[in-house]
Amino acid sequence: MEAEKILEVKDLHVAFRFQDKYYDAVDGVDFTLKRNEIFAIVGESGCGKSTIVNSIVGLHDKNFTRVSGEIIYDNANIANYSEEEFNKIRGRHIGFIFQDPLASLNPLHKIGKQIEEPLIYHTDLDKNQREERVLELLNQVGINNPKRVVNQFPHELSGGMRQRVLIAIALSCKPNIIIADEPTTALDVTIQAQILDLLTDLQKEIDAGIILITHDLGVVAQMADRVAVMYAGQFVEVANAEELFDNPLHPYTRSLLQSIPQSDSLGKDLHVIRGMVPSLRNLPRKGCRFAPRIQWIPESEHEENPELREVSKGHFVRCTCWKNFHFEDEGGN
Amino acid sequence: EEATAPKGNEEEKQEQKQSYGKVGNIELPYPTVVKKDGETVGGTLNVALIASSPFEGIFNTFLYENSDDSSLMQPMLCGFFKSGPNLEMKDSNCSINFDKDRKTVTLKINPNLSWSDGVPVTADDLIFVYECIGHKDYTGVRYDRNYMNVVGMEEYHAGKADTISGIKKIDDKTLEVTFKEFYPGILWGAGIPYNPEPKHYLKDIPLKEMVSHERVRLKPLSCGPFMVSNIVAGESVEYVPNPHWCGEKPQVDKIVIKRTNPDTIAEALASGVFDVVDGISISSYDRYKDLKNITLLSNVSRTYWYIGFKLGKWDAEKGQVAPNPNAKLADVKLRQAIAYAMNNKEVAERFYHNLRIPANALIDPMHTTFWNEKQEGYDYNPEKAKQILDEAGYVDVDGDGFREDPKGNKLKINFLSMAGGEIAEPLAQFYIQCWRDVGLDVVLQNGRLVEANAFYDMIAQDNPEIDLYMAGWSTGSNPDPQGLYGRYAQFNYTRFASEENDRLLAAIASEKAFGEDGYLDEEYLIKAYHDWQAYVRDQVVVAPTFYTISLSAINNRVNYWDLNVVSDWWWEKVGLLSDTPEIAK
Amino acid sequence: MSNLEINKNYVTPNIDEETLKALSREQSFWNVLKREFKVDKLATACLIILIIIFAVLFIGSALLDQEEVMKIDLKYKYEPPGDKFILGADLGGRSIAGQLLIGGRNSVLIGFAVTILTSFIGIVVGLITGYYGGKVDNIIMRICDFISILPVTLLIITFVVVIPDYTMWHFIFIMSIFYWVGMTRLVRSKALSESRRDYVNASKIMGTSDIKIMFGSILPNISSIIIVDLILEFAGNIGIETGLSFLGFGLPPSTPSLGTLVSYARTPGAMSSKLWLWLPASLLILVMMLCINYVGQAVKRASDAKQRLG
Amino acid sequence: MSFLEIKDLKVHYPIRGGFFHTIQDYTYAVDGVDLSIDEGKTYGLIGESGSGKTTIGKTIVGLEKPTSGKILYNGQTVNSKRARKKLGYNKEVQMIFQDVFSSLDPRKKVIDIIAEPLRNYENLTKEEERKKVLELLNIVGMPGDSLYKYPHEFSGGQRQRIGIARAIALNPKLIVADEPVSALDLSVQAQVLNYLKKIQKEFNLSYLFISHDLGVVKHMCDYIYIMHRGRFVEAGTREDIYNNPIHIYTRRLIAAIPEIDVKNKEKYYMIRKKVEEEYNNYSSLFYDEDGKVFDLIQISDTHYVAIKDKEALKNVENNIA
Amino acid sequence: MWKTILRRVLLMIPQLFILSIIVFALGKAMPGDPFTGLITPDMDPAVIERLREEAGLNDPIPVQYKNWIVRILRDGDFGRSYTYKMPVTKLIGKRAANTLWLSLLTVILTYLIAIPLGIYAGRYNGSKFDKAVMVYNFISYAIPRFILGLLLLLFFGYRLKWVPTTGSVDLGLEPGTLDYFLSRLHHMILPAITSAILGTIGIVQYLRNEIIDAKTQDYVKTARSKGVPTNKVYTHHIFRNSLLPIAAFFGFTITGLLGGSVFIETIFTYPGMGELFVSAISSRDYSVINSLVLLFGFLTLLGSLLSDIIMTIVDPRIRIE
């Protein structure tokens, strides 16, 4: 049975203003999110992952950002909603989990109050009910003594606890969509594992779709149903997780996988992607954006205007260069 | 009523002359009196007290020290004595009799005079004043040589006697005071309390606590036309008519005296905030002089300004001045030249709107008879100054534009001047320029004006740097210059002394000042004063610069105000012609 | 392992010295600053105005004979602006314009000297306490606390009274004694956080001396904040003696200053009818402050990459 | 041959509080560890955040004072600044910092940054100095025109390489690398790791490699120390640790590694849950009542584990492994 | 917490002690004494001498100091004012009350003006309003206090007669009554506004910057992502956090006002401490000067303590144990 689509992003462009010009940080992104699905976006730092999700909930500063394209939620295009309109969706239908749990909690408010806040604006619960719900949420995210924690301040909690609190906030109104922007980058591995497991458990409970952003391919492998690999503002490959890891096609995906230290790489040099990620203002706007980093592949192998194409069911790749891609040291064929 | 003292013919004449605006040869710019006919309406008289800090509010005539407090007490005083033309004591609510031979003074209090609580004023109230001043716990400033001059005072002070033997109560209203020495100062009230204090009201308060007691600070009794009804400490005082006042019924319902800041006084006058501003400051003159809603009154004051020369030191051991014949300015010619070089007229005109008058002598014009108005002063004459210097050998030998002393040494003269007010600095600079114009190298000591305390400290300590200084004296009612120029006077800051000076001063203080009637012998004193004035003029002990004219501003609705020393005016006569003050357009 | 061996394996690449220099200049503070001014027209205008003001003040006052300007001429008492005096004359008939030039220069000098002195003390002391922290910090901060409870007005007034030959330089000196604390606090707090940064640790590991670290590494890194503060403080210090002049304890009268001129406003009536006495000086202060401030803002932006416009 | 030995090192930080910042308590950041370092080897130091890894590193290079314990360099103590100076210790032991960006003075050009140690220890002329810096840049694979750029003009990986160039400028024997790649992206991480390895081979360097990424540590290190709560819980060769982890904390760490193996997702999930359970059940064998880690017990030539006693070890081996 | 406050208070003692020595010595270093002002031709120099002797001014300075300090410590007697002829405590008490009331009103007005201005300027930074606020800020920064005071006084006091021009209260009102209170308020309002206008400068600027800063903080993003209405984001999350440093400066603001009170009090002939201080200096009223300095010092110390306490109350991150 085909799961219900809960979010559809079509040809999304997000541009930031520098001086008087706008530069696209996200350049034509399409994807859909289904109920109960974990959709992961991976890519190097600065490729535009956060920019995408921020535009879904309208967190960009309107004075410096231009969002175009469609973001369809609940049959409406929310891409250019006003702050007030977004406020009706945010927190209630879409929950957001940030990367840095300390900076993301207001240092002056008690934990309980911070979790309660979305309930005030999005539900009809009275004070007592809200308090109950807060405790319930804290229980859900695995905090042992919620009664105490509600009266504590963020700085009194450990990193893992704070991240749990953020999750509780995101889940408070049982949203349809949870956006987790690198939820575990600031944590160490054991805590990371706990948090990710928790997230999966909770998702199942409330039937939400998750957009998970990370740059850790291991995390993706363990969590995601579908994965988009992003490079320089564009998706370069989208596929089911299994498919992607079994049969990575795009040179960028393959290079990334190659550079992970693994048992069989012991004693050998790790694979390195040559060159650098271009900065936003120096992005080549035409042609294959990854081409400069695989210069040994002749230019003719790339498309002039590369597009995302479905190569097998549910597996999309941008540009044609993947067809003839080989690693530099493997020699051409 | 018969409350006011009788007046002589002579005084009446004097008064007339003054009201036409002339004192000696000084033309007063404004009348001394405003007197209008018309129905008065009661109302509140608003009086300004110009003071840069809150007043102390000691309503007691032997404890107060500050002139603000003295102003505040005026409406409460009964005019116990009046002043003669030379500010000597004259009968009023208390008559006074001097007996040179018995060395006594007899005081007789108006039998109708009573305190605002209805208790009559008696001789005891005067004795009370003596006993307080002489008490060993007394920390005020009035226990001085004049009071010690009362027979038995020192014994009483030392605790050797329970009463002061020289004070005798003749009857309830009459008191006789015997003095050890009977000098002319007594005519001006030396050793005589100017006012009684209510013994019945204050006697139970230990003297030490009296000054801070509420009966002194907040609820004083009055024997004058008005009494205090409300006080906001340091800020304002409200007075209402004293029901037991023996004189005329006061015309206003209320008087309010409020402390105010000199900076905005012109605006205050223009807006009618105050009906009366006494001693209004000259710096706003431009701003208020043309106001149509006020009348300006003027009179000379007891102040004179001068340039002093440091001619010696104070010898503390001997308690006398020690002139230094080698002082930089010891040469009288040099001093004359300095005096001639000063363009006082221009200063008076430009800085002071002619509200200061170039001075010619060391007696202030308020003591009109003693002041020698005809004496020639050192009028501005730079040529003469140069000539005198040339003659005395002060010539420029090294060509730097400044004169050297007769021996050819550099002559650099330090000039010390006091800070205060915006005129002080340009004034000092102006004088320096004047002196430099005649070739004298005068510089401002320390390169700046000196704050008042430091100034007096330096002068009193005979700071060796000082050659010249600018200062002023506000003389007492007694014009006797002994305390300022005598050999044994600490306040003789120039440290000038000579036998001739001693002799002339002694003549002023001599018993001969008492005339046949036991009262002052005007003719004798005039001569003595004129002689001394001439001598110090010739010696240029100091170079007098200005006399001062004081101004008062009176709102047009006030019917009667009088600045004359000898006058009939008192607070009960002040009335208001309308309910609201006149306001400038 | 010797250096020789390295040479064998790695050939020094040839690079053009000039391009490198050019590269390095590109990012220098001054270049960024220049760009910042290019973008911010207001700041540029302010800078130009400031330069003009300073030039006029310094050149003008150098051409003037102070003695001549300060000469009393009673004929011209309170002469309104006109032919004789462009900006009118004061009580002593002295040209306001002349005093404005000399006074402006003095005030700028005072502001400058006080700023420099206080900053110098503040920077040295602040760096030391911030860098070493611990006991040193504790002691110095207690001293700073103590200085800040001193009644500065009283002490200054007392000094003014006590010092016999009181000049502008005394004034500068006295002010500096009290005002270095602020700068010390600022530098200390910055140095404190800066010396915890790893580049300082790195320098320590590499055996760089403390002094070198303090002045060679930490100081340049906090310099932009210091410069901004300096500029703003300078603006504040220009009018530093106005208050004291008001109380009568400002500079000696032979040293005209903006403070003295502004205090003329207190002359009764000057406020409304003798505007020429105090208004030019007040305006000069205002304009200088505004300009310095805008320039300061530009500098601030240049020093903080996040706020840069250009 | 160990040239550096650390004996029973303890570093306690005072916790200050209140107005006067008086000492209220201590953080036992490092609480008794022994460590020895041989030439040309890489030592991994893994543990959760806050377990004291950085503190050990900093103490070794002399940035922190040991509360007690000794650091011996060729048999001589180098606890004091003076001793370090005398032995030229600072030249021999260098550090690469966790936060790359903050370890480079933002106001200095690359040439000044890399030349700093040279200026302190070697008297080179300007010309020589530049040549040397260029060589160093070359070693870490940076273009020559980096010389006059500022740190912020480089990417994270490049910055880290500048840090490495600076660290090797004086030909040290040991480099303490404090999480040198954890702030970097995958591809950049690979780059840096490659350089570290290459340089090690060429200069016969030793590394003390601090990280919490077990994959990276596995790739880099010969010998691994697992740290928890300021103490070592397990130490051994790479094989010991990965193939035969004994301590429950080590096991937990390993279980938490997200493997790139989508098909067995569920299996890993189950393992994690199981290890978690174990951790809770057996913690009394590995931690005393106060939660303190026991002393290390040798269980093979190279393998040490912190456990209550031999008996407990047997118990564990039977039940878990 | 009480303990630390107590300790802080105790620490004030040595500070105030040193301050007392300094101020005493300085007072004595000033030329002249309280009786210099009595010099008039009518005055008997012997009387002045007697007064000096009685006041102990002829004793050696250390002895005078000792006597003074002993009297304070033993009897709590701060001496008598020479000018006002009353115990200093009583004199200062009255004046201090005036100044404190004025300061309080000033503070309230300052915050009433500054907070909305700062908040709106910060919230809509770059807008016309923001620019207007900046200009207002600069102008009030450049205008000396006394000019502004005089202008307001002339206009509202004399021209419009809305407010009294002198003093602190009308005559004949019973303290404690509503009329009395209103009259005080009426007298204070203009001086307070003057002070407040000048006092807002720093706060507006600071608040504006804080708000601009806070707007970009992560926790604000979190709040927005929760769907908190924009106004609530400002009131609940931004303002409170931005007000923090201002609250922390509250203590200093008060002491700053006390220090600046002299100008305002002089212009408005408002009898307060600042004015008393200056007149005490010019009349060399030693006991008043000394006591006032100690009081100022004490209040400053108290202010900074207050700041710290407020800080700990409003900011949970700082704890006093």
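Going by the order they are written in, the chains are A, B, C, D and E; count residues from 1 in each one.
Everything that follows uses one rule, which is that a residue touches a chain if its C-beta (ideal position, glycine included) is under 8 Å from a C-beta of that chain, and two chains touch if they have at least 3 such contacts.
As the structure is a prediction and not an experimental result, all values here were calculated from the model.
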item: Neighbouring chains shared between subunit A and subunit C, ordered by label; value: D, E
item: Chain of greatest Cα-centre distance to subunit D; value: B
item: Closest chain to the centre of mass proxy, which here is the mean CA position; value: E
item: Between the pairs B-C and A-D, the one where more C-beta pairs touch; value: A-D
item: Rounded Å distance between subunit B and subunit D, as computed from the means of their C-alpha atoms; value: 91
item: Chain centre separation (subunit C, subunit E; CA means) in Å; value: 27
item: Averaged-CA centre spacing for the pair subunit E and subunit A, given as whole angstrom; value: 54
item: Inter-centroid spacing, subunit E versus subunit B (mean Cα positions, whole Å); value: 39
item: Subunit A residues counted as touching two or more neighbouring chains; value: none
item: Set of subunit B residues in contact with two or more other chains; value: 263-264, 451, 453-454
item: Per-residue multi-chain contacts in subunit C, two or more chains; value: 161, 266
item: Residues of subunit E that touch subunit A when the two form their complex; value: 217-219, 221-230, 232, 236-237, 240-241, 244, 314-317
item: Subunit E to subunit B touching residues, read off their complex; value: 30-33, 36-48, 50-51, 54, 83-87, 90, 94, 150, 153-154, 157-159, 161, 165-172, 266-269, 271, 275-276, 279, 282-284
item: Sites on subunit B touched by subunit C in the complex; value: 262-266, 281, 283-284, 286-287, 346-347, 349-351, 419-420, 422-423, 425-426, 429-430, 433, 444, 446-449, 451, 453-454
item: In the complex, subunit C residues that touch subunit E; value: 145-146, 148-155, 157-158, 161-162, 239, 242-243, 246-247, 262-263, 265-266, 271-272, 278, 282, 285-286, 289-290, 293
item: Subunit A - residues contacting subunit E, complex; value: 57, 59, 83-84, 86-92, 94-96, 98, 100, 103-109, 117-118, 121-122, 153, 155, 166, 169
